[in-house]
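So, here come the structures, one by one.
Paired with chain B in one complex and with chain C in the other, chain A is shared by the two complexes that follow.
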Partner chain A sequence: MSADRHYPLLLTLLAAATLALFLLSLTVGPAGIAFADSMKALFSDKADGVALIMREIRLPRAILGGMIGATLGLSGAALQGYLRNPLAEPGLLGISASASLGAVLAIYTGLSAAFALALPLAALTGAVAAVLVVQALAGQRGGALIVILAGIAVTSFAGAMTSLALNLSPNPFAALEIMFWMLGSLTDRSMVHVWLSAPFMLVGWLMLGSLGRALDALTLGSETAASMGIELRKVQFLAVFGTAASVGAATAVAGAIGFVGLVVPHILRPLVGARPSRLLPASALGGACVVLTADILVRIIAPERDLKLGVLTAIVGAPFFLWLVFRTRRSLL
Partner chain B sequence: MMILRTALSCFVAAVLGMAAALPTFAAEPTPRRIVSMNVCTDQLAMLIAGAGQLHSVSALAGDPRASAMADEARAFAVNHALAEEIFLMEPDLILAGTFSARATVGLLRRLGFRVEEFAPARSFADVRDNIRRIGALLHRQERAAELVAQLDDGLARLRAGAPSGRTIALYEPNSYTAGAGTLANDIFTAAGLVNIAERLGVTGSTRLPLEQLIMAKPDLIGRSSSDYGAPALAQENLVHPAFRALSRQDAIDLPVAKMICGAPFTLDAAFMLQDAAAKQERR
Partner chain C sequence: MTLLSVENLSVELGHRPVLHRLGFAVQPGEFIGLIGPNGAGKSTLLRSVLNLLPAQGQVRLCGTDAAAMNARQRAACVAYLAQEREIAWAVPVEMVVALGRSPHRPGFAALTDKDRAIVDAAMRRMDVEAFRHRIATELSGGEKARVLAARALAQDTPLLLADEPTAGLDPAHQIALMRLFDSLAADGRSVVASLHDLGLAARWCSRLILIDKGRIVADGPPASVLTPQSLRAIYGVEAWFGEADGAPIVHPLDLATP
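Entry: the complex of A and B
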């Protein structure tokens, strides 16, 4: 099988692309610092303006771009394998929107200012609630249609509640921030956000990463998988909480970024020989590439306008989603 | 002779025409029940109106974060710039901003009210014009002239101190700054300062990315942010570690309420900045 031989090569290429995009992300910005200067400033112990920009503005942005992308790619691949549904994705299932709602409640009530961890924890809670609701509505044998309908319901409800919470805030700026929570952005995120979200994302990655063998077995059906010694309850726990922890933390600091988890696994699946266990790491790297690219583009296309990341991912993702619906409509009908 | 008579008849016609026009002008009665629905016209109306002339000001006029005359505003009825509410107040003159809701202004005009719109002041010259215009509308030209004299006197005193030439950047929530063609820019110039944003070619109010602010190294940073008692992401840029490192010594909390609208009190902001620049020079 050619996919077997090509797999290590594919991972190496994706890792190299992620690294290259990470470095590129560090060199893009309105200050216009030369590449050599920026790299020097990153590692010198001087405290001038360039060093400040590199360490406190660009580095956290690049780290978060890579980590959030990896989270979305990985969780998309894991959810598609676990729910055996080609349309599963944190954005479409309402997980991102619900995590946003949790984060919004924590931030705008002032809870996160009093207790910093409240932010990722509230987002995680929102995300868990969304996965459980969608799963309960769809049931174990829920078809693609039911899962997507449940996801739409959860997404619009969470979106409406987010909007309500922001409108009720006495701070006039809050109402304008609905855009951030629905489309996502990495503008001026700081190291504080990295320290707050990275541990949750790492724990989520470990949980989702450990699902490889179980997801391979699940491709044969849940009965067969159970007969192969896969504990379905444990798989469910890892899939739900792994997604919630990583997507919750990602959304808490950058808002909901759509379509990455949908598009990336679909593009990479044929390249890894359609084995979920192999798709997981490839998707994580692919997701990192996509979000880093999108974040570089928002800074190049209209640097002064503060474009939202979700705008770019939707420009690519929405037509892809339509094509996917078109292709799978026979099974939907 | 012929020419003279023609000229004479023209003169007579002109005088008659003026006389015909005059009664309508004189008949324009002094407004007795004025409603203002914009925070800037609110404050100018409070400064200019005679006793009992002004009936209602907008809710923002009573908010000390947006209005320099929040205490004075308590003496008037409050409106929320809604057509229905203003209709019931039966005003004979409505003062609105050009940024007031278009639908509301249009509806009030259709209902037969006289609505006068004011563009936000972008310079002290605009402030002068707005004061005079409200003075004329309210038949309070003398009071308006007094306020204009106050304004000109203050500007002259500011000019008496030699311009320090120190640089300043305005930094607001969401990383907004003000460049050329803004009231803030005129305030900075009056205080003898050089606005970094204007030097960077910024016109109007627009985003100044934190990176550019750091590279521009202004002598002073004018922080323009109010505490609303509830957090918003918009204000996170003001606590960003990079901003805090930059602004440790040289940040000034600007009197936001005095800078939103142009009036004689706006000069206080300029005096405060002039002092701050002088202090920094001595350091």
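Entry: the complex of A and C
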């Protein structure tokens, strides 16, 4: 099979692209630092301005861009495989919306101003609350459809509560801050954000990454998969909690970044022979490439206007998705 | 060893009783046809044996209490060919059939030569080798059915449960599938297949279990289960009974006059 031969090549190319974009991300910024200088500063012991910019501003931004992109790509691929639905995306389980609500409440109550980590911690709490509700509703024998419905309900409720917070916001500045946070951005994130979110994302990756064989078996439906030795409850637990840990942490530090988790698995699926287990690593690397690229572009397109990352991914992602739908229309009919 | 024994199996779906205290046993070398009208509980019986539905009663698979087995242990004893022919992604035929080997492989291990040989043999037996590289979702209904049957064969289990495996197959492939199940039985394996085609059931099965309204109403060789009386009472049809080459022929003719 051609997909068998091409698969290692595809992963190598994606990994190389991710690395290149990571390095490029380190060299783009308002402080025009030459590439050689920036790399030297990153690995030197000096504590001059260049080293400070590299280590405290650009390095965390690049690391978070790569990790969050990988999270969105991986969880999108895992959820599409688990729910056997090409429209599934990380936001579907209500985790992004609830993490956003947690963050909004932290801004609204002024907690985030009092203590810097209050915002990501509140967002993580929101993500955990969402996943507990979804899991409780779906139950032991719930199955994919109930997980989707529970996710929609949680998303709607979290959205309504976010609107309420905006509605009742004490002053226009708080409302503006809430709005801007929800647009999704990697600007001014520090290594503290990396240390806070990385463990959750890594745990989530391990949980989602272990699903490969189960997702392959689920291609033939949940009952056939169960008859092939797949424990459906375990799969549901890993899919739901793996998404919650990784996407919850990603949303907590960067806000909601849409379309990456939906579009990236779609683009890569034909290139891996549609096999769900192979899509997982490919989609993780692809997601990292897309978010790193988008984060580089927001800095190049409008350096002084603080264009938000989530806005860019949606503006580029939505028309692209339309084109994908148009292209695959024949095979869907 | 008894491959499957069911005792006092009762199932309720949404407070509606579907199966009432069913009991039967399957010995090695049997090809059992599970027959009965629509809604009699055939699929429910197959699915509850596989622990896909909550059920009361005892089910033993390959000599072990099924309730104490994990999914993987069950998968080593029994393969299941579902009624719904679902293939969610545009994957190649070969990969679908190879999925049957997954319960036998540890962790992320690749297919061994033995796995490949079993997959190839399963594809040969189901006559799907010619399109092994084609995309499974683009096949016709009957071709898809054969690919999924090959997948179940590749699981290489002592017991195979098949839910309406002949639906949508042309006569040649229906007969080929019946012959295949017959040859599996001759090898000492057992097949339990729900069937609507009484002609196929009468001709090929070594034993029939007739279910009506969640109860077993007859269990035995085809000639003793399929009688003018039972077809009239359970199915409400009149049938023609004959014999060819030493095997019974049953052909439903018309609705029975009440």
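The definition used in the following text is that the second predicted complex is superposed on the first by the 247 of 333 C-alpha atoms of A that agree within 3 Å, B and C clash if a C-alpha of one lies under 4 Å from a C-alpha of the other, contacts with A are read in each partner's own complex, and residues count from 1 in each chain.
Just so it is clear, contacts are C-beta pairs under 8 Å (C-beta built on N, C-alpha and C of every residue); 3 or more make two chains touch, one makes a residue touch a chain.
Here the structure is a predicted model, which is why all the values come from computation and not from measurement.
> Return first, second, both or neither, reflecting whether A:30 touches chain B, chain C, both chains, or no partner chain.
The answer is first: A:30 touches chain B but not chain C.
> Classify the contacts of A:206 with the two partner chains as first (chain B alone), second (chain C alone), both, or neither.
neither
> A:230 contacts which: chain B (first), chain C (second), both, neither?
In the superposed model, A:230 contacts chain C only, not chain B.
> In the superposed arrangement, which partner chain does A:269 touch: chain B (first), chain C (second), both, or neither?
So A:269 only meets chain C here.
> Answer with first, second, both or neither: which of chain B and chain C does A:52 touch in the superposed model?
A:52 contacts chain B only, not chain C.
> Is A:172 touching anything from chain B or chain C once the two structures are fitted on A? First, second, both or neither.
Only chain B is touched by A:172; chain C is not.
> Based on the superposed arrangement, let me know which partner A:220 touches: chain B (first), chain C (second), both, or neither?
second
> Which chain A residues qualify as touching chain C in the complex?
1, 3, 84, 141, 212-213, 216-221, 223-224, 226-232, 269-270, 273-276, 331
> Give the list of chain A residues in touch with chain B in this complex.
Going through chain A, the ones touching chain B are 29-31, 47, 49, 52-53, 56-58, 107-110, 112-113, 169-174, 176-177, 180, 188, 190-192, 303-306.
> Hey, which residues of chain B end up touching chain A in the complex?
So the residues of chain B touching chain A come out as 173-175, 206-207, 209-212, 214-215, 217, 228-237, 240-242, 245-246.
> Spell out the part of chain C that touches chain A in their complex, as residue ranges.
Residues 47, 50-52, 54, 70-72, 74-76, 78-80, 82, 84, 86-92, 94-96, 99-100, 102-103, 108, 133, 135, 148, 151, 155.
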